[in-house]
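Naming follows writing order (A, B, C and D), and every chain is counted from residue 1.
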Amino acid sequence: AVPGGDATKLKLRTTIRFKIGDKVGALTDVLRELRQLNVDLTRIESRPREAGTYQFYLDFGARDEAQIDEICNHMRSFTEDLQVVSTGDMGLVSMQTAPWFPRKKSDMDTFAEKVMEYGDELDADHPGFTDPVYRERRAEITRIAKTYKYGQELPRIQYTAQETATWGIVYKKLTALYKTHACREHQYVLPLLEHNCAYAPDNIPQIEDVSRFMKESTGWTLRPVMGLLSSRDFLNALAFRVFHSTQYIRHHSQPLYTPEPDVCHELLGHVPLYADPDFADFSQEIGLASLGASDEDIEKLATIYWFTVEFGLCRQGDEVRAYGAGLLSSFGELEYCLSDKPQKVPFDPKLAATQKYPITEYQPLYFVAHSFKEMKEQVRDYAATMQRPFAVRYNALTESVEVLDTKDKTLRYAQNIKGELMRLISAIEKN
Amino acid sequence: AVPGGDATKLKLRTTIRFKIGDKVGALTDVLRELRQLNVDLTRIESRPREAGTYQFYLDFGARDEAQIDEICNHMRSFTEDLQVVSTGDMGLVSMQTAPWFPRKKSDMDTFAEKVMEYGDELDADHPGFTDPVYRERRAEITRIAKTYKYGQELPRIQYTAQETATWGIVYKKLTALYKTHACREHQYVLPLLEHNCAYAPDNIPQIEDVSRFMKESTGWTLRPVMGLLSSRDFLNALAFRVFHSTQYIRHHSQPLYTPEPDVCHELLGHVPLYADPDFADFSQEIGLASLGASDEDIEKLATIYWFTVEFGLCRQGDEVRAYGAGLLSSFGELEYCLSDKPQKVPFDPKLAATQKYPITEYQPLYFVAHSFKEMKEQVRDYAATMQRPFAVRYNALTESVEVLDTKDKTLRYAQNIKGELMRLISAIEKN
Amino acid sequence: AVPGGDATKLKLRTTIRFKIGDKVGALTDVLRELRQLNVDLTRIESRPREAGTYQFYLDFGARDEAQIDEICNHMRSFTEDLQVVSTGDMGLVSMQTAPWFPRKKSDMDTFAEKVMEYGDELDADHPGFTDPVYRERRAEITRIAKTYKYGQELPRIQYTAQETATWGIVYKKLTALYKTHACREHQYVLPLLEHNCAYAPDNIPQIEDVSRFMKESTGWTLRPVMGLLSSRDFLNALAFRVFHSTQYIRHHSQPLYTPEPDVCHELLGHVPLYADPDFADFSQEIGLASLGASDEDIEKLATIYWFTVEFGLCRQGDEVRAYGAGLLSSFGELEYCLSDKPQKVPFDPKLAATQKYPITEYQPLYFVAHSFKEMKEQVRDYAATMQRPFAVRYNALTESVEVLDTKDKTLRYAQNIKGELMRLISAIEKN
Amino acid sequence: AVPGGDATKLKLRTTIRFKIGDKVGALTDVLRELRQLNVDLTRIESRPREAGTYQFYLDFGARDEAQIDEICNHMRSFTEDLQVVSTGDMGLVSMQTAPWFPRKKSDMDTFAEKVMEYGDELDADHPGFTDPVYRERRAEITRIAKTYKYGQELPRIQYTAQETATWGIVYKKLTALYKTHACREHQYVLPLLEHNCAYAPDNIPQIEDVSRFMKESTGWTLRPVMGLLSSRDFLNALAFRVFHSTQYIRHHSQPLYTPEPDVCHELLGHVPLYADPDFADFSQEIGLASLGASDEDIEKLATIYWFTVEFGLCRQGDEVRAYGAGLLSSFGELEYCLSDKPQKVPFDPKLAATQKYPITEYQPLYFVAHSFKEMKEQVRDYAATMQRPFAVRYNALTESVEVLDTKDKTLRYAQNIKGELMRLISAIEKN
């Protein structure tokens, strides 16, 4: 905090982005300058970028726009590409120190630049690491995602015959297993996707078509992503019913293996579940809980996400079935997870939140949900125990998140609920 | 109804559209054929089209898709351009006989073809009637509206210098009057429109920019319209927070006069109010009440719309001010309405619904609202007294209207409300 | 307010009662003393009592109990019978200046002493004025009411043969008229009262039996009353679903006439309606609105009460019927009110609140309600427009009124509502 | 079910009570007769009574009152003391086969006769077994309870010096331990009970005074009980916020020991908690869940009651404290339960419902609640998973339980909730 300052007056919460070269002590210099400018810094993130540079994100509070200009002008003298990402009145005192979060669906346009790892940065053990054609294709699809802005049509990719063939192998292998391994909801939606979005062994569906179908079903939409988002950004998007989806596909040399999400994982694993109303609500609850949450809470929510959306099992009648996308898109683990090798325990968000898990091998432990409806309630109750000093709601009309930090907003919300209750009464009356 | 038939089995509600030539007895022939096919007709609308033809809209119930095909195939032999506009399961028995209404935002794409009167059909006393250049310009802008589909960017019009000059005259005249005559909400929003949407004396704003601003403010959006919609269609759109807007401008010869809505009326009269949350809710209530309403109720709602959205006054502190678009876009009536010449009575939807009014001259009687918030409640209460045998809600997530006709839907809605209440509780707790 | 004081610290709201003799300037003396003690007086009421004395009620705010003691001790030196009626923490600043109101059902025990006019004080034109036996009987029944305390059984009166005969005449005359003049709800309940509470031409029912029946039906109960309560006290009681009832009967010389409420009026006019759930809710709404209301608002609510509970008509199908107790207990006015002599207008609380009316003759104007349910909503909406700076609810579990003046109470209330909503969801689910 | 009958027509659910002598085959005879009368029996309970007799309770459905009379008249010929306990229209089909439950607070008057074991029936190892004076005193107090009816003042007992001395020993011992062992809520309420209800080492409080205090605090009341009620009856009463309390005291020879509830257990263990709003709600939730529940569910709820109301621990800050009455009234177990000897697990109603426990020794396992508020929500959620085919609510105004089995009742309930929401909105507005 500012020496001699007063946090309650720093109502303009601002995020700036800039780069600095890789010379020794560069960050130290930046921080010293900020101290001299009396900047009330609330958050620093840095990410390595192309050879020898680092990109920084700073959040700070400012008294007014003049102070923001002053700070930026000063900093431009020793940084590169400095830009103001966002600035805005944060209302409530408690909001001013909470981590930044998107307020409007278009705020997610800023995520594109913030990926942790780009989609064309392959590890040495990636099946496509030594294939320059594959790497260039990844870079090409990634570049398309980079320029996508809110409100535009989602990019359509002309998939090659080789890519389609890879998809076909995955498609046939997995769909053969779904009848006995996938949850009821997944099986109900897949034929609809075939009918409405051209899911087929010989066609990779376009995310624009899929996103429209999701929007009509439950209000979820897809956004293309350049690579791996931070947990915070990825979860924050869920609050808006936005799911970030890759569009590139795994390497053709190993069609049944991929070390990271690809279009098969998204379209076969994730998408069908997002057409289910209760699963749709459940996922948004995780997203809403993540807005402005502390780093510890983000990690807990990401772990819950891991054990549900990615690797969840659920009870259906006398059987256990898979609903997690990590399972539904992995031929091997889909069989394994329903066998008696792994341990299975009833889903409990409090336990799931802190459970350790391996990333590169099959899970030794799965959580089994009772139903999506119950899971939704459980996560809602769990979120209510998190210590966030403000309340939020998602306003679907304006596609924005509202912080309910004034009497006026709370009152308006209460009146909305009264209006809804009147419609419910009308429904009870007329049925 | 079908002789020997059973209405409860005719669950597929279908709307078809076709043309027939102007030969004597043409409609009689059509109706005889329909009778022989045992078609369960629920509604016929017809509209004159280009010289010597009529366009018909028929609503009927069908057992299954095969029956629909059979009927259409038969009718194609003596009609032109027959198309199925929409078909769908109507659930509830009571739904099957109610007039058709849009269920999804994209259903409004079908309105374009159904206008009562096209934007380029001018009456003989229209100031532009004898100006072929003006008429061609109207036709051009109308054609652009015709091809617009849901999800696309709204068309941008390159306005001519003459058009912009006309706008400028109107703009300066009216804004000079607003300070003393327009309601507080209108005055609050206009500077925002200047700042965000390029409202200015020398620029006609683009509806795409305006619609984005409205969407962010209250979730309302604009749609271009080819001409005059039926009251039913126009009001139905309000349920989706969609306002149909013209894009052409009045004739330059009489800049302060127009016999019908034009872009000045929409942008200066209507748009500012739709950025106010209570007015936004109020208008949607009228729209929701109109879905599937009887013809009598549509007329009543259209009359309420007339006396509020078009010609409403409201009390603000000790003064009365105008908020109706018909007033805010008419220099003459704006001055007149606040004078002591017309009669002014407190707004009461029951009275307004059946009040007679002249169309081509200044109103002799205005209704004065207490506040938009109260007006919203009044219309909600009024709508609750209308005898519609089913209940509806607007689902902003999926941009669709849901008929709450099953226990399952009612239950899900009730659970949503519980979720909202939990967020409200959280807001009370944290403020 | 206290010179140099601070109203926000005077949280103990106290009501005291005392008498002073009728010497000239007595009140002036009292007020001077209070000023010298720096008492923060919020309200003074006085009533003439037995020859030459006046009873006073004072409301004031105090810092603590010590200050109350100090004030009382000082005042005892020049007043008689000084008693502290009630004292309590008033929470909210706005509460400290609002007129006192009962918080618990037992607080109404203090009303007995506060009647405006005793039941045995007859005007010179009262039919029983010159009948000493009748006057003594009135006094006797009044004395019984005086000692009644909350929680006790209601007093049972041994009615004389003459009294029962008077009742019988009234009973037969009126019940003959009900079929064609009383509202449906009254007709539905009367046979139940005959069956459960011994309503009969030859028996005056006991209010204890009647009150138990009301309690089981809608939660209303009766309390015996010594005479005429102030409008404020009478209306305040309605908030607790408590109706103050006389137990004496009109003079036998004029069985079809009474200038004031008597047991015929209460039992035949009021009681049947209080067994109807919507009327029951409606009456309580008036009561809740009256708690701590300004004197002007009390007068408006009393006028609404007059035009509904006492002299209301309602529409039932194609007919108009009476539901007001003043009508249902008056043979003459019951016939007159449905004739075409008086004026009839739709019920509107805003209009009714300020409508003038005569007390001693038939009403020239009646308000006709649409239904009790709608009337309830109308009064609720009307009450919401009254400018009371705090919100109240009635807690039926503890039989107390809660002022919702802290976050904690508001929160608890919101959680109650959530619990109710969960039960409603369960009901929707299981029907 | 009736051969050739139709359960849906047997809407009158009837409970009768009778005795039969102890001759061999008596019950067989009764059942044979019932079969011949085609009685649709839904439930039989029997209890041994004074030497050689059995008391029976039968529940059956009847077409109409005539059939009930016929059955009773026939059965009177071979049974003794036959009485109709209750009869009533059960509405919903599902209600007709559910176990009987009280609908009104006065229905609990029938419990007095149904105790499993009378308060004067002592086991051979009871400290007072061989003390005829003590046994006669127990019988005397029990007889007083027997005649108590709803609406009356609760009986006042003149306790002897010996009884008061026993109370005094218990009082001093336990209160010394409360500061370090009892939960915060218990410590908060005890001084209020001393102040308002004459709790003191030298005075056994009267349950009438205690019940009035509870009523004002949270709406709970006490009822005297003759002995041990069945789990079903005892839990059912909780739905009405009624707690059955003994009035006799343990034997003076062992003041710190009692094998069964006595007035020390009730007044020191139970009563203080019932003045806490969240605990009050929590207990009522158990009661509401028990109404008409299956025998298996009753057992589960009774077990939850055991592990909470009787033997619950709760976390308060860094400490664990006792709130269960079985602990707070037992000097020995109160110390033991907070030691590290027993096992302690977080409260989870699903686990608690089926956990085994010993009755005659200290508990090996305790459940630790997080807070009463959370416990209330947990039990509400647990109750929602129980398979009861109808929904109930408690109407505090009429002190009755409503089965929400018609659209009309559900609608009225929804409208009540809307009314509550309007008051909440008013509270948000005015704070």
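Going forward, a contact is a pair of C-beta atoms (placed from the backbone, for glycine too) under 8 Å apart; a residue touches a chain by one contact, two chains touch by 3 or more.
Note that this is a predicted model, so its numbers are computed, not measured.
Engineer: Under the over-half criterion for shared residue numbers, do copies chain B and chain C use the same patch or different patches to meet?
Structural biologist: Same-residue interface.
Engineer: How big is the gap, in whole Å, between where the Cα atoms of chain A centre and where those of chain C centre?
Structural biologist: 61
Engineer: I'd like the Å distance between the centres of chain B and chain C, where a centre is the mean of that chain's Cα atoms.
Structural biologist: Inter-chain centre distance comes to 50 Å.
Engineer: Report the inter-chain centroid distance for chain C and chain D in whole angstrom, where each centroid is the mean of the CA atoms.
Structural biologist: Here the centre of chain D sits 37 Å away from the centre of chain C.
Engineer: Of all residues in chain B, which are in touch with two or more distinct other chains?
Structural biologist: Only 407, 410, 414, 417, 421-422, 424, 428-429, 431 qualify.
Engineer: So with touch defined the way it is at the top, what topology do the chains form here? Options are line, ring, star, complete, other.
Structural biologist: ring
Engineer: Which residues of chain A touch chain D in their complex?
Structural biologist: Residue positions touching the partner: 377, 381, 407, 410-411, 414-415, 417-418, 421-422, 424-425, 428-429, 431.
Engineer: Would you tell me which residues of chain B are touching chain A in their complex?
Structural biologist: Chain B residues touching chain A: 94, 104, 151, 153, 212, 215-219, 241, 277, 281, 373, 380, 384, 388-393, 395-400, 404-407, 409-410, 412-414, 416-417, 419-424, 426-431.
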